[in-house]
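Structure below; questions to follow.
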Amino acid sequence: MRLLLFIATFTALALVSFAPMQQKQRIVFFGDSITQQGAQPNGYIMVLGDMLKQKGLQDKYELMGAGIGVNKVYDLYLRMDDDVLAKNPTTVVIWVGVNDVWHKRTSGTGTDAPKFEQFYNAIIKKLQAKNIKVIICTPATIGEKTDYTNELDGDLNRYAGIIRNIAQKNNCELIDLRKDFLTYEQANNTENKEKGILTVDGVHLNEKGNQFVAGEMMKALVK
Amino acid sequence: MRLLLFIATFTALALVSFAPMQQKQRIVFFGDSITQQGAQPNGYIMVLGDMLKQKGLQDKYELMGAGIGVNKVYDLYLRMDDDVLAKNPTTVVIWVGVNDVWHKRTSGTGTDAPKFEQFYNAIIKKLQAKNIKVIICTPATIGEKTDYTNELDGDLNRYAGIIRNIAQKNNCELIDLRKDFLTYEQANNTENKEKGILTVDGVHLNEKGNQFVAGEMMKALVK
Amino acid sequence: MRLLLFIATFTALALVSFAPMQQKQRIVFFGDSITQQGAQPNGYIMVLGDMLKQKGLQDKYELMGAGIGVNKVYDLYLRMDDDVLAKNPTTVVIWVGVNDVWHKRTSGTGTDAPKFEQFYNAIIKKLQAKNIKVIICTPATIGEKTDYTNELDGDLNRYAGIIRNIAQKNNCELIDLRKDFLTYEQANNTENKEKGILTVDGVHLNEKGNQFVAGEMMKALVK
Amino acid sequence: MRLLLFIATFTALALVSFAPMQQKQRIVFFGDSITQQGAQPNGYIMVLGDMLKQKGLQDKYELMGAGIGVNKVYDLYLRMDDDVLAKNPTTVVIWVGVNDVWHKRTSGTGTDAPKFEQFYNAIIKKLQAKNIKVIICTPATIGEKTDYTNELDGDLNRYAGIIRNIAQKNNCELIDLRKDFLTYEQANNTENKEKGILTVDGVHLNEKGNQFVAGEMMKALVK
């Protein structure tokens, strides 16, 4: 009887004291229009939520979208206090870069490579200073052709390379979507199509694309 | 006797109460390559220092340059903690905008008008929150022709207009260098030259230009 | 009697043989989308046709549109044999330049100023070599604001200046639409609107714009 | 004896009657700054001349450079009468495309892909109409990195693809320098350098590059 009481007490105490370990992970997905759409029905963040539910992990993760269209890396820096830190996240997944490259061509307002790196580092530093785990992604694609003839392939590869270096230098986990997409496209886009495989327009994810990205995110988040 | 006491008391009180007015003004000039050069010998900040000395005001003002080449408005935002706030200024003179327009053409990495405004406002807000006086300048010139045929005249006028609005909305003092330059050029550049009047290359100040800008700054700082 | 008959006969013959002097003027309007729309109902070429009819001059002029959207000066050069010379015109009115400036910003494919001049001269030379009268126009507007804050005002003014020089050097008649528009806008666009005065979108003519251009063309064609 | 005489006679006759087949080939190299440099000492056209001499073929070929810096495809079209047809060539080797891509980034004045094709076809058509043999080349490189991270790799690959299609449609011989360079670079640029392998600056040929190009040209010209 005494023993039982002891065990019950111990268990109760254990539950209380171990509670922090079972603390809900608060994950903010921080990015551009791709992530903005990711928080909409069937978007990659929603699909990821379903995947967690199927594994019975829904109580352990809280997923929050913080994507805004037309955003480049310095836009993220400008709004990170309001849109990320204010949400008090345990983890931030950053996915940015497409507009930094694309807008050079479409409006003359892309981001210089050295400044891209500078702002990206500043964001990470500020998050890590608050003990927030930072996971970063390479930009997936602007055009789905597999023979390196998408107009901006060279520059996008360059910026993906910069992000890989940033991950290594800042000790961040990397989700290499550019590499993942290329592997998938080489296997599945045998007709060298410009869009329609994982995207609707070469950039924004279609249903298959949202599932694919959610799957890649899952691997990084749940281990 | 009573009178003397009264005077002494009044003087002491006056010294105390007027003390803040005699406090040294610490002025940071925050900008791009034009301001970086402004802190070099014969640069506009140095000329301004000489002007203050000639008026016997050298002890009342401390001038500090914080210009870095190739900077756009978001670069200022990124480095304002280290390069401006750390200097504990009483006044900040911001002069930026040329590269935000120019880089659209030269490298595809200019700044979109709405984001230019957004970052500019964010800088001012952060400075004013610390009770720092903010004075802002319109970009002077990219090409000195007076007949509106400088390639980027239209866009530069547009951004100058944005800055005038920003000044009004944020209750900042404005040094309208774009307007000042135009007035000067119309009187003195009768041959419609592209450069050589106030600049060496259409953008960066020559000796006359540094004196001219120092003069305009003087009007705003010492009243 | 014989003499009279002779005179009458001679006169009749003369009328017939001099007919070529009363020959119909065949005018080709050679340009971009603005001219392409000009040949559609209510377009400036159609309005010009109505104006000629009102003056009873419809039999003396044949107006033909040769405008194609997205055209720049070198596109005109490439297609001038098929689209202009094949029509055997007596007069060609060239109106081009907006895309040469505009596409620099929108797609990185505008036309360098020296090449703009080079191709323009080559077109004129080829037309004049066939004794075709050449009338050239300055580009009217990209944005209708009157305070020189339309983004591309500077560059468009520059290209308008190039065309004025070309007219002078090649002894071509000039229809200075850029100047005409500015005069009209300063009188009628008192609210500094970006569009809606003479254009629907800052570039393409609205009803008023088509009438205005037709009026300016009329002055140049019928004297 | 009679036989020998017969043979001698036959040979003499043969030499005379076959003479037209031994007519000197007049080859014009038509292109941009790379070809302009190719006609200078140690340039690829000069190296090619030496290679022909070493094979004792110097009397059968006359090589003429017609490269001008900053040229794009439409510049070639504009000057082909004066610079190519006036030289009465039997063969024209066209090598153009780098500036059509590059100038999009550096000055906003590159060439749209459909117009690139349009002008290229027009040049070939005009040459073939005069029974001139046309050999065309893909643009070699803008940056020598082998991992597809040169900024303009995607667009340059796209334009190379367009040229390959043009060759096929117009029944032109193709010298696929883009492919040849890539093969060479993958074997010899193991450190993924940006320049210095076959070029001095990522675009213009160094000594090794001139020899390499001359070798590839040789294969196409002498069979």
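As written, the chain order gives the labels A, B, C and D, with residue 1 at the start of each chain.
The rule is short, and it goes like this: a residue touches a chain if its C-beta (ideal position, glycine included) is under 8 Å from a C-beta of that chain, and two chains touch if they have at least 3 such contacts.
No experiment lies behind these values; they were computed from the predicted model shown.
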So the chain most remote from subunit C by C-alpha centre is A
Where subunit A and subunit D touch, do the two copies share over half of their residue numbers, giving same, or under half, giving different? same
Taking each chain's mean CA coordinate, subunit C and subunit D are separated, in whole Å, by 41
Using mean CA coordinates as chain centres, what's the gap between subunit B and subunit C in Å? 47
Using the average of all C-alpha atoms in each chain as its centre, how far is it in Å between subunit A and subunit C? 55
Subunit D: which residues touch two or more other chains? 104-105, 107-108
Sort the chain contact graph into one of these: line, ring, star, complete or other. complete
Looking at the complex, which residues from subunit D come into contact with subunit C? 74-75, 77-78, 103-105, 107-112, 115, 118-119, 122
Spell out the residues on subunit A that touch subunit D in their complex, using ranges where they run on. 104-105, 108, 143, 147-158, 161
What does subunit A use to touch subunit C in their complex? 105-108
